Amino acid sequence: MSNKIPVAVLAATGSVGQRFISLLENHPWFEVVEITASDRSVGKKYVEACHWLLADPMPEAVKELELLPTNAEALSKAKIAFSALPADIAEEVEPGIAHKGIYVCSNASAYRHDPLVPILVPEANADHIDILDAQQKKYKWSGGILTNPNCTTVSFVVPLSVLDKAFGVTKAVVFSMQAISGAGYPGVASMDIIDNVIPYIGGEEEKVEYEASKIMGSYDGSQIIQHPIVISAHTNRVAVVDGHTICLSIALKQKASREDLIAALENFEYPDSCKGLPSCPEKGIIYHYESNRPQPRLDRNLGKGMTTSVGRIREDKIFDFRMVSMSHNTVRGAAGGSILNAELLARKKLGMK
Amino acid sequence: MSNKIPVAVLAATGSVGQRFISLLENHPWFEVVEITASDRSVGKKYVEACHWLLADPMPEAVKELELLPTNAEALSKAKIAFSALPADIAEEVEPGIAHKGIYVCSNASAYRHDPLVPILVPEANADHIDILDAQQKKYKWSGGILTNPNCTTVSFVVPLSVLDKAFGVTKAVVFSMQAISGAGYPGVASMDIIDNVIPYIGGEEEKVEYEASKIMGSYDGSQIIQHPIVISAHTNRVAVVDGHTICLSIALKQKASREDLIAALENFEYPDSCKGLPSCPEKGIIYHYESNRPQPRLDRNLGKGMTTSVGRIREDKIFDFRMVSMSHNTVRGAAGGSILNAELLARKKLGMK
Amino acid sequence: MSNKIPVAVLAATGSVGQRFISLLENHPWFEVVEITASDRSVGKKYVEACHWLLADPMPEAVKELELLPTNAEALSKAKIAFSALPADIAEEVEPGIAHKGIYVCSNASAYRHDPLVPILVPEANADHIDILDAQQKKYKWSGGILTNPNCTTVSFVVPLSVLDKAFGVTKAVVFSMQAISGAGYPGVASMDIIDNVIPYIGGEEEKVEYEASKIMGSYDGSQIIQHPIVISAHTNRVAVVDGHTICLSIALKQKASREDLIAALENFEYPDSCKGLPSCPEKGIIYHYESNRPQPRLDRNLGKGMTTSVGRIREDKIFDFRMVSMSHNTVRGAAGGSILNAELLARKKLGMK
Amino acid sequence: MSNKIPVAVLAATGSVGQRFISLLENHPWFEVVEITASDRSVGKKYVEACHWLLADPMPEAVKELELLPTNAEALSKAKIAFSALPADIAEEVEPGIAHKGIYVCSNASAYRHDPLVPILVPEANADHIDILDAQQKKYKWSGGILTNPNCTTVSFVVPLSVLDKAFGVTKAVVFSMQAISGAGYPGVASMDIIDNVIPYIGGEEEKVEYEASKIMGSYDGSQIIQHPIVISAHTNRVAVVDGHTICLSIALKQKASREDLIAALENFEYPDSCKGLPSCPEKGIIYHYESNRPQPRLDRNLGKGMTTSVGRIREDKIFDFRMVSMSHNTVRGAAGGSILNAELLARKKLGMK
């Protein structure tokens, strides 16, 4: 029998669910033993119910798994549940699952605003995982809920938090050019995006502004103190399959040169708690010196999709610096990020090394 | 014989040159009588030398015109020359043509930095055309040089100058998503832009920052006083055929509400000097109330490509307001803008009504 | 009061319905007086219920029209009804409307297989309109049903029927590269078509094969004799907004040279019954001599979207000739074609000239 | 010291050259020791001269290699030279290199028409490699020239040759939708392909028709007997980054059912001479049962880009069957195919196992 931790994928047939299934194939620590779906698909085998969308083929190991209903009662084996649920369903079912003793690593936005639920980005705030203790005590859960941020937030908060730790960041204007895969499937209609740009994504600017300051905030032992940074976002959809590209203008507390900023990013190292985790890339951040990088098609797969690419750091007339940041929105920005969080959790709470 | 003003198109076979040829077909005031090209094509008929790229067919009237060399000596009939020249050639030949008594309406950047050469955008600074008098005196030209701005500048300076006149604009962060047609032909390689974004356009950010403050500046009778606005630009290329989309964050001098800004844009009227010009659209600015507009594919052809679309005006946490502006980069932003300038010139200097 | 023929648009809020509304704006013969929609929108004004998708703005004249239910009872003024209905609804309601004395010009496939319902393509079979007499007698209708073909069929049957009349066509292999607009809205998901091809369109190959042989068939006074041509189709979806491009391999009955074929296409003239109809373009077919034409982006708007472009006629090792044909799928291939049919009908049956 | 075979890459800085460099990184049998480029780059280091275009980063091992001129004299270590040369340069230099004792595995078309030069596709004609003996004798070479076909040919000849061996194929109509990467870099202008199709690729149809019948031909010990199949091609460029999709109509000698054809493809096995070669995928052909597959974005990376995907086999009214075939044009269709050929050569001639 396997020594791996049994895990569930909630909403396994959707586009993020599929990415979970794919990234968890042959995972050294986790084994998918339970999968859930909406009523329409419950009782069917995964291979029958799922309209598979990824280029990598569907893993053999899940093809014959039966789809369960999405609720705490249905799960009997998993110790960790990866949630690809829509926000409204997540809101309803995730607490019950946490109460039952399962750790929910959630890609859903439902509990990101809860002061006891961390939005975890290991490059930025690995220590926030410790809020889980307060969470368990307060909510009387034996499991917990751990979220990863919106895919747009993560594509710039990684370098932003590194620069904040080094120099202090007080303001940031964030302009996004987001990939269509961020909207799921069928998601963006082709008539809306071929030969076009959509300068609006519902609710996205508010999420980006809130989440980044929570992620960059500090944990004082009982709660998260939101970071005082002021963020203003413009979010846009463009005709790119995968990879969110972000232009940033930032104001710093401390005086620093362009070279100082690049050095801070190039010297970034994962905290010891994260080093060696199966999904942790060798380099969390790569700085590109070419004037026209990063570009999503060329750079999104660096570090198997887990590395954030930064480039074009240059001075700014209004703030201090301008730059470009980019990462893979469905890997680093969704399922991959959630799995990295689960690995950190497994090391901290479930005895994995 | 025609009563129209005889005009030339310099570099008539390139992508902007073709757009000039197309927009000048059946123009009520202008008639193309001379066309020039590089040495390779001189002496050939237009229909033989030109690899036509536009959806509208090549106008019959120019097919048999012979391509002349690009210099002052070669032009013997034109009173106005539309220049689609590359900057280095423009720098060399435009003054000689102006000296000969021809008005050069130039899409080239060569003389945009000259304090006696206006960068004319009738919605913003129609009065700058009067610098031509100072220009003629100083340079001893009987013609002159009149430029239109870079296509990215024009796609946001139209609403920016209207808001400046109403409320004063002190700072603007400009973030562009630019169409491939802005790079000419062959221009952007398809390998670089399909499923991709290029977060860099050489020299573009500097042009945008300089040109907008010159356009918004005031003419004191002898020179242009640059506007004190501080502009910071991020320029990007996306997979759109025509239409540059700009996100703007702006700081205002005077307090104003979102409704005030929309009203100022909706109440915009062309100055009397421009009303009724053949290329002047009924509305210079259209404000879109839908949350996801303007979009280049849907809005670029408004006003036959001469109208600027604005939308998404909303408050901002760092400055005062955020918004989106968009116009057709090869019509309003290049040949169409240059022709509108020439019409204003023809009314002022050549007796057209 | 207007002397125009009052017309209705059935399913006016969908993508084909919108194209009808747009093309009927300021139509010299027709005036839209009634519009219908599904239950969800009935009772609302057009401007409220319709998510407008076209680049040309919504016509003022229809904005305040109230949406009616889609059935014969609801229509009280129209003499012609343009149908953009889905096939199942069309099947249910179109006969009742025809029975009531209204001519249904239908873009739906529901009755294309009925031997008494013509699939009318004026360039190919203008005389088939006379079947309407037999139809009225047989079905005891005072109106009638007149269909236009699938947009893929029409993009090659125009030149195919011209060549058939000149030389006889016995076999045709048809390969399509179809635009996304052919699938309506939201239609094709962007995840399915950016950086991709879908080599399958449900039911399309069968439609193409059947419809072309019916259109090319002859009307013997009582019924249509299907043309004996054998057609084999491969239909594909590509990342093009508008314009279906078709590669054809054809076998001819009579020996002919490449020049003979080109001459037959270039000499094509509309039958007298069609000449001068408001939507009838000057040239129904344009032959392109450039080796790489027709191309959808460059040629789809010829003749205001009503002209079919042909190119690359060359000899073939297996059959006799290969070629490329292209037309605008939502204009010539849908609403525009249906309106042209209605104009022919109005001339024949309703006294318009 | 390495036991690997030293190899050269000719024209290493171009797009196919880069793909060779990338695929040869950590190759178990081959080590890149020499690289060449055009005069402009000779003497520079690879990392300085090469504008790297691939998503995978440039291999460390080649960064410091110095670029040599492209001729036999310059090569002093390589036993195999991978040629990514343009046809005219290839024609000039490849024989000299072969004469010097080096095996040229060429992606260039220059010698594909030579009856003593095989166009090798291991799935189809692995035995053609034996022509090298006749080639050496006739041309007095101690090395040789081995070509792989045009990327379009290979994307359908793999299943076509399998079906030919099983049932005999007498005729094939081939219709391609080709990726932009097939045209190199900068290659296809974005203005030509976004929202567009180009129904023409210069020289491609002739190559496809000739090469497939040579590949499917038989080697009688002294020369290749061209296969009597008649092939007719329509080649088109579409907005896909990688992966050529081909629709085929085929006529068979023997009667067979749809199931027979699928079985023949599914039972395909590489000949023993190829099994276990480092670049030989487990399955050379995968048959997709879904009605809308293969699709380039979803299927091009199967077998690390070396597997050919087939789908949609269905009966045909004119010939016997229709189907769709697709493979990765720059991996299976170019550098990857050439490396697979070199591996077979290394096993046959250079003692590798």
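To keep things simple, chains are lettered A, B, C and D as they appear, and every chain counts its residues starting from 1.
FYI, a residue touches a chain if its C-beta (ideal position, glycine included) is under 8 Å from a C-beta of that chain, and two chains touch if they have at least 3 such contacts.
As the structure is a computational prediction, the values presented were derived from the model and not from experiment.
Visitor: Out of B-C and A-C, which chain pair has the most contact pairs?
Guide: Answer by contact count: A-C.
Visitor: Are the interface residues of chain C and chain D largely the same numbers on each copy, more than half shared, or largely different?
Guide: same
Visitor: Which chain's centre, taken as the mean of its Cα atoms, is farthest from the centre of chain A?
Guide: Centroid comparison gives C as the farthest chain from chain A.
Visitor: Go ahead and note the Å separation of the Cα centroids belonging to chain A and chain C.
Guide: 48
Visitor: So what's the Cα centroid distance for chain C and chain D, whole Å?
Guide: Here chain C and chain D have centroids separated by 43 Å.
Visitor: Please work out the Cα centroid separation of chain B and chain C, and write it as a whole number of Å.
Guide: 40
Visitor: Would you give the residues of chain B that are in contact with at least 2 other chains, written as numbers and ranges?
Guide: In chain B, 53, 192, 194-195, 239-241, 297-298 touch at least two other chains.
Visitor: Which of the residues in chain A come into contact with chain D in the complex?
Guide: Touching chain D: residues 53-57, 194-195, 241, 297-302 of chain A.
Visitor: Which residues, counting only chain D, touch chain B once they are in their complex?
Guide: Within the complex, chain D contacts chain B at residues 15, 53, 180-181, 185-195, 239-241.
Visitor: For chain D, which residues count as touching chain C in their complex?
Guide: 171, 173, 175, 177, 192, 195-200, 202, 209, 230-232, 234, 236, 238-241, 245, 247, 249, 291-298, 311-312, 316-319, 322, 324
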